[in-house]
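Two complexes are shown next, each including subunit A; its partner changes from subunit B in the first to subunit C in the second.
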Partner chain A sequence: MYIILVYDIYTETKQGRSRLPKIMKKCREYLHHTQKSVFEGEISEAKLLALKKDVENIINKKEDYVVIYIIENINNIYRENIGIDFDPTDNIL
Partner chain B sequence: MKDYYIFKSGRISRKDNSIVMETEDTKIPIPVNDIDNLYLFGEIDLNTRVINFFAKNGILVHFFNYYGWWTGSFYPRENLVSGEIIVRQVEHYLDIKKRLEIAKEFVYSAIDGFIKNIKKYPNIDDSNIATMNNFSALALEQDTIASLMGIEGNARELYYALFPQIIKQEIEFTKRVKHPPDNMLNAIISFVNSLIYTAVIKEIYRTQLNPTISYLHEPSYRRFSLALDVAEIFKPIYGDRLIFDLLNNRELTDKHFDKELNYCYLKENGRKIVVKSFDEKMNNTIMHKKLKRKVSYSRIIRLELYKIIKHLLKEEPYRAFKIWW
Partner chain C sequence: MYIILVYDIYTETKQGRSRLPKIMKKCREYLHHTQKSVFEGEISEAKLLALKKDVENIINKKEDYVVIYIIENINNIYRENIGIDFDPTDNIL
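Let's turn to the complex of A and B:
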């Protein structure tokens, strides 16, 4: 499946600011970094479960939240760019 | 899980428990959980830290030199090992009867691929198909590996001789030449074959089979010879069809080849085109008749290896893959 993951971390406190890079690094293990707090990519169900668990361990449930948009069928997504033509999921570098 | 093809030059390193590709001007993070295989075409630095990390994650790395020739693969320590399979593999190699049985299937399937390919092009004379059919019948009668290889060679010679009728571009092509290829078509055939070869290595890694014990090719035959065997089946139907499409749709023309070196190798932009359509092709899915579900082209290679395992374990006689679409 294809997912888009967006997070919002409460950075007013010192702990929040230290969570921010942690969650970014964790997401980078699984997904492609599209924008500052946006990740996307193809992922298997098992790996998504692992990712969710890792994310849960990092965030503070009272202050942060993470949204995962799940697209079951990859054919149902069409990516369109405005501006720079940039596809972070490209596998030919 | 995807294959990543890297043409840029720079350094690949382990960072934050994932992979990052550093080039002169950018840093591109690559999610380690998304990497299936890495194909390195550029000039890339690696250190042991990252290689150990690849091994831990079961990532195969294929290296290509400046001219696009496959130089080798990093094949991590096998995590799927089975003593029994190795014993059976060796048993089927040592017994010439058993060995021929498997080797014939490879040749038969390869020739079947030639026939299916030339049948797609109506301008080819039917007599050629009849000759090909003759070759496949002859292959089944051979009782030595050398003569079987001979039949395969003859069939391949005839098959390549038909290429100028299939390819609509003006291409000088009389016969297959390797080391180095002497023209455009030979160059692209060599390149695509090496991609198929690595695709088979990757699938062998995911099974218990030992890649060095083979049946058609001699096991001492450089490289992972089992991959050479299995690649024979897939070269005509995956590789050659890709080549015909790329050349006939004029996606590849002589400007993608290096003229100064007698067109003997693809330039980087040409290689990118081939790799891109190869990757698309391997992820293509078709309905599998027996499994009644969709399988990708690369999965078909794996299924083929499973069939070999079943044959070795004497569960089901091996019938090599024949294209049905």
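Let's turn to the complex of A and C:
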């Protein structure tokens, strides 16, 4: 399956600011870092479960949010961007 | 078609901070506001073209970015979130 993950971390506090690099690093272990708070990539069911567990251990559920879009068929999705381009070596979609 | 729109506006400058409410308001005209920088919803081809034009007129292409994921078949995508819940009246996905 293909997933798109977007997070928004509450950075008004010191703890929040310390969560940001942690979650970025963790998401990079599983997915391609498309843009600041956007990650995407193909992932297995088992890896998705592990990613969700890791994310839950990092974020503060009362302040932060993570949204995961799960797309069963990768041929059914494509991406367009306006503004700053992505990493030029990126050729996922 | 179903789209997911994520933006990241450069808010280090006064001009950037003034763009943020404009693009939020504009995206709300076309899509459901899922979370801070995330919008989603069904949209026609014509409306998507109009939305992209409006977005291009608002953002600074050298500082901001907007990524649009286009999913042809809405039955092929579902959403999960971790942390702060969405607007309870939301029953889009």
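Criterion: the second predicted complex is superposed on the first by the 80 of 93 C-alpha atoms of A that agree within 3 Å, B and C clash if a C-alpha of one lies under 4 Å from a C-alpha of the other, contacts with A are read in each partner's own complex, and residues count from 1 in each chain.
Keep in mind that, in the parts below, a contact is a pair of C-beta atoms (placed from the backbone, for glycine too) under 8 Å apart; a residue touches a chain by one contact, two chains touch by 3 or more.
Note that this is a predicted model, so its numbers are computed, not measured.
Let me test your reading of the model: by the given contact rule, A:Lys25 touches which partner, first (subunit B), second (subunit C), both or neither?
A:Lys25: touches subunit B, not subunit C.
Looking at subunit A, which partner touches more of its residues: subunit C or subunit B?
C
With both complexes overlaid on chain A, does A:Ile77 touch subunit B (first), subunit C (second), both or neither?
The second partner, subunit C, only.
Go through the superposed model and pick first if A:Gln35 touches only subunit B, second if only subunit C, both, or neither.
So A:Gln35 only meets subunit C here.
Between subunit B (first) and subunit C (second), which does A:Lys47 come into contact with in this model arrangement: first, second, both, or neither?
In the superposed model, A:Lys47 contacts subunit B only, not subunit C.
Of the residues on subunit A, which ones does subunit B touch that subunit C also touches?
none
Show me the residue ranges of subunit C that touch subunit A in the complex, using the header's touch definition.
4, 6, 8, 34-38, 52, 55-56, 59-73, 76-85
Applying the document's contact rule, which stretches of subunit A touch subunit B when the two form their complex?
Answer in residue numbers: 25, 28-33, 41-44, 47, 91-93.
Quick check: in the complex, which residue numbers of subunit B touch subunit A?
Against subunit A, the touching part of subunit B is residues 1-8, 16-18, 21, 28-29, 31-34, 272, 275-276, 279.
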